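Structures follow.
Note that chain A is present in both complexes that follow, paired respectively with chain B and with chain C.
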Partner chain A sequence: MKNTSIFLRLWGDYACFTRPEMKVERVSYDVITPSAARGVLEAIYWKPQIRWCVDRIHVHAPIRFMNIRRNEVASKISVNGPKKSMKEGKGHLGLYVDEDRQQRAAIVLRHVDYVIEAHFELRDQSEHPKKHYEMFKRRVDKGQHFQQPYLGCREFSCDYEWIDPLEIAACPESLQGQKELGYMLHDIDFDDDCTPRFFRAVMNDGVIEVPPFHGNEVLS
Partner chain B sequence: MILQSLNQFYERLAEDPEIEIAPYGYSSQKISFCIVINKKGKLIQFSDIRREAGKRMVAQEIQVCGGAKPSGSGLNPCFLWDNSSYLLGYKADDQKPERTRESFEASRDYHLGLEQEINHPSYSAVCNFLKSWNPELAANHPELAEVSTGFLVFQISGEEGYVHETAEIKAWWNQQLEAHQDSKDVVNAFCLVSGKRQRLARLHEPKIKGVRGAQSAGASIVSFNATAYESYHKEQSFNAPVSEQAAFQYCTALNYLLSRDNKRSFTIGDATVVFWTERASPMEHLFSAFMDPDLKAEDESQRENLGRLLKQVARGQYPTQEFGDPETPFYVLGLSPNAARISVRFWYMSSLGEIFAHLSQHMHDLEICGKPEKELAMPPLWQLLAETVRDTKDLPPLLAGSVMKAILSGQIYPQMLYSSILRRIRMDRQINYRRVSLLKACLNRQNRIQKHFQLTKEISVSLDPEYPDPAYHMGRLFAELEKSQEDALPGLNATIKDRFFGAASATPASVFPRLIRMNQHHLGKLEPAKKSYHEKRIQDICQKLNVFPSHLTLSQQGLFALGYYHQRQDIFTKKTKAKTDDNAA
Partner chain C sequence: MNHRYDFVYLFDVTDGNPNGDPDAGNLPRLDAETGQGLVTDVCIKRKIRNYVGLIKEEQPPFEIYIKEKAVLNQQHERAYQASKLKSESKKLPKKVEEAQKITHWMCENFYDIRAFGAVMTTEVNAGQVRGPIQFTFGRSIDPIISSEHSITRCAVTTEKEAEKQQGDNRTMGRKFTVPYGLYRMHGFVNANLAAQTGFDSNDEDLELLWSALANMFDHDRAAARGQMSPQELIVFQHESPLGNAPAHKLFSRVKIERTASNGEAGPPRSFSDYSVSVDDSDLPSGISIERKI
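Showing the complex of A and B:
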């Protein structure tokens, strides 16, 4: 545990940490991915000077899935369309959802509860780490965030609270023992042409150790 | 995890000498004719290699080089196998002779171009044949008229096997596959199934066939067929890095499971369910027999066999000797169609021992007296689900999946199962074996698992005169009132059950006083001995009841139906009761 380690409890009614291979007819991973956890941390506090690193994920609710089927759209508005319209001063900008329907099924998680153990790295060494640590803590205590944190998908918003490491509850009975979760997305390497990087996730008594992003255990 | 376990399953199948499964770079195709030529490439005959199956002729599944024939308008000749327009420039009832000629030329040039590189006498014979073959002569061979649906392969007369099965030619093909890996326009990256750096698949081939309701030409689990699904400027399946080999292997394994001949899949609701274990186990064949037995089969021995197995399950003793290590992982995957895509309806990972225990628990929960003789100890899931709706077409797709999951995981049955059964009972007033056994299973299981849900006592298999909840005794009373009416007025079209069951089970206070008043008239019509017999039985039950509540909760309504059913069973088994009690003791 580093002295700037933070522990943040996240919970919500629904979550969908989509597996890349089952991204169209979504199937969620069993637990939150490091990149989704980073997303939550960044939604609460982010500055160009720091970079969040997730170290450990504690799972506190049994893994439960449910099925939903929703109407979505098939296309994105391409960047070129509006650009062209701006240049020409006329054109079509919209996307009509009822003409562009796609029904998609999803297997999402129900009633999730995690504790994220993370630290941040300073990108500017002249900064004092304590400053960012305290700022983050104050923001969490007050419930301030830049955007509503969510669990994998925007529509599955989550609640969060600051939690003392000593208060972390034991994992539920069903998660005890060792469980292989297979290759899991760690994060996208944005400096390297958006290459996804994966790690082998293993849950030990409800705790998943997340290897460092550029370590040997993370493959791309 | 789904793709990884399927990939592992493929590797297991590939090692099994008894199972024929296509290796990477090959595929199983429906071959109906064989072009037999001599060593110089002269045509000997077109031989029909289809098998007779009933009245129809069925093409043989033969492993050939390369994947499925690509659809679309491009010219894409296959290596040493193809349809008749490519290999012979002939098509029965040809609408586009121009195109047929082009495809034959493309195929001929493709094969001739490789002649020097392969340098094998059998291959050269094929080339000679293609060089000398005149498509216009095809019309002289009437047997070709039937070739339109299937594919053709080559065979050298006097040699065993087909040309594409020759060891040297196969070796060349395999070498070709590997050489492909190094060329420049392929993307080599981490594969999330195998965990190795390999050549990535742009599309996942072969397509998955056999999911009910999906496109018959095959659909995909992994596909990115609209721009909304793509991220980070990645195209198609590069959004999810899976190697070509892993994609081939998981798709082939899934196709193997879905193939109807292998009896490894069944349908529940709108989902097609497949299942497999990590190591070979008889459970792989039994599971579908448990969930979806072939009841149409008139085979008595099969039925008996299943009955024997079910008894074993009911006893709850895991047969280690037969089934192997109870820790062996067991997977269940439910797939449902969504146009060209396939979505995962449910995915369940467990172990053999656990599945066995949960099936046993399921049977135990369902067990109730009065089982019809023909009924299996564990009615197949679809029969149970059929009780929740008027017509199986109305079955909500989500329900089937969640009931299945409840059975496999030992969790509570979905609330919807319980409430739809009650609704059906209110609608058509049929209180049959399957319905009450489901009601009992739902209530008992919920009572066992959910702490805040409390039945005062677990419901027993047969009549329990000491059951503490009054709703149960109201059900019993209702059964007795009905019986005395039946005795007093035999042959009635509509008894009190048909007219009052729904109201009595939901709002007893408004119905029971009236029923009891009517009962006085019914009793009056009976001869004294019978009258006192009925009076006594009704008296016994009434002792348990203080007051009729104005309404019953949903769980009490279930108890009401169960009380009714138990009492009804008791009325009709009365005479042999003493005997069975002795046996039980």
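Showing the complex of A and C:
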């Protein structure tokens, strides 16, 4: 535990932490990735002077999946269309969903409940860590955030609360013992041409230790 | 826009299929664990897009990017507002600037891009817009039953079929309905992201969202849909853009119970079998509640 450690409980009805190798028909990882947890923290409070680092993930609900299939559009907006229309002052934009449709299934998590243990590093050493810590805590206590945090996809929004580390309950029976979750995305290295980095996730009695992002245990 | 909004939206369906599941042969979507019905977020967004497209006649600045052919007023070669953006003197490569300009222009012209965001792929990563509006799945209060109805048609499609039936010409079809379901959906409108996409900078977008939620089912009648109606739109307005209270605590103030007259006895068959109460006692400071329907 560092002096800037925070503990945040997150829970929600659904979650989808998509495995990069199964992106077409989305399949979620068994648990939240450090990357998604960082996203939640940043949704609540972030400034360019700090960097959130996730240390531990506590899993507090049994891991359960469900399947959803939805109609989605197959394409993204190309830049050339609007460019041409802007230049010529006329044209047709827009996608016709019935001509450009794909049905995609997603295997998502149900009823998730985590405690994220994290700390922040200062990117600007002249800053006072206490300031950011207190601001984050105040926001969480008041339910304030920059944007509604979510669990992997924006339609799966989540609730959050500040939790005292002493109050963290034991994990459910089904998660007791050691579980190998295989290689899991740690985060994307934005300083290195957006390279994804992976680590071997092992859950001991519901707790996953997240190695430091630039440590030897994390591979790109 | 300088407020955060969290809202609870209630809508119901009578003898219709609010949202079919492509994985289950178009049966109404179901949460297999609880038996509650589901309506996906994208289903509701589609209806909002259709409504705005209809009301604003597909004209900029309220054009709709993701269109359905059926609601389209085909108009050829309309003039667009030329973008009169001053390029910012930032030390960015020209390409990024161009992409941002385009993203900005798209936001200005298209309501659904301003509201829900969009992904614009370029070789430079400047074309992702996160919209201020976020919906969750709608979910029915009680478990739903879907009834299957066999229906007949007194005509056939091909001559071959007619020959086979020796002129009897009948086709059987199937239709699924939910006898009654009251669905609850939560949504969020975020002032910080609104600033990024320019949502409501015309002071019209947000009102348009509320009116879409209130009226969109009236313009979305279909054989499959039965009768769908909005029943409640309870909006929690926060004084600050960051918010003044946790959303889940506000949402828990909206309680939906079965009314005593019907009790828990029979299956619900109309909105009057439910009562909706909003607890507005000791509201956190800076929170105001408005029931818009």
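Following the convention adopted for this analysis, the second predicted complex is superposed on the first by the 216 of 220 C-alpha atoms of A that agree within 3 Å, B and C clash if a C-alpha of one lies under 4 Å from a C-alpha of the other, contacts with A are read in each partner's own complex, and residues count from 1 in each chain.
Simple rule for what comes next: a residue touches a chain if its C-beta (ideal position, glycine included) is under 8 Å from a C-beta of that chain, and two chains touch if they have at least 3 such contacts.
Source: prediction; values computed, not measured.
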Once chain A from each complex is brought into register, does chain C clash with chain B or fit beside it? fit
Regarding the shared-chain residue A:188, is it in contact with chain B (first), chain C (second), both, or neither? first
Partner touching more residues of chain A, chain B vs chain C, is chain C
Given Cα centres, how many degrees, to the nearest 10, is the angle at chain A formed with chain B and chain C? 80
Just chain B (first), just chain C (second), both, or neither: which does A:65 touch? first
Of the two partner chains, chain B (first) and chain C (second), which one does A:24 touch, if any: first, second, both, or neither? first
Touch check for A:204: first (chain B), second (chain C), both, or neither? neither
Scan A:176 for contacts with chain B and chain C and give back first, second, both or neither. neither
After the superposition on A, what does A:157 contact: first (chain B), second (chain C), both or neither? second
Rounded to the nearest Å, state the minimum C-alpha distance from chain B to chain C in the superposed three-chain model. 5
Contact residues of chain A, present in both the chain B and the chain C interface: 67, 72-73, 76, 78, 103, 105
Counting only contacts in the complex, chain A reaches chain C at residues 13-14, 64, 66-73, 76-79, 82-83, 85-86, 89-99, 103, 105, 110, 139, 142-148, 150, 154-157, 159-161
Would you tell me which residues of chain A are touching chain B in their complex? 19-25, 27, 30, 65, 67, 72-76, 78, 102-105, 107, 181-183, 188, 194-198, 200, 219-220
In the complex of these two chains, what residues of chain C are touching chain A? 21-23, 29, 31-33, 40-42, 46, 63-69, 72, 77-80, 82-83, 98-99, 102, 105-106, 109-110, 118-122, 127, 130, 134-137, 139, 186, 188, 190, 192-193, 240, 242-249
Within their complex, chain B touches chain A through residues 1-4, 189-190, 192-193, 195, 221-229, 231-234, 239-242, 336, 338, 341-347, 398, 401-402
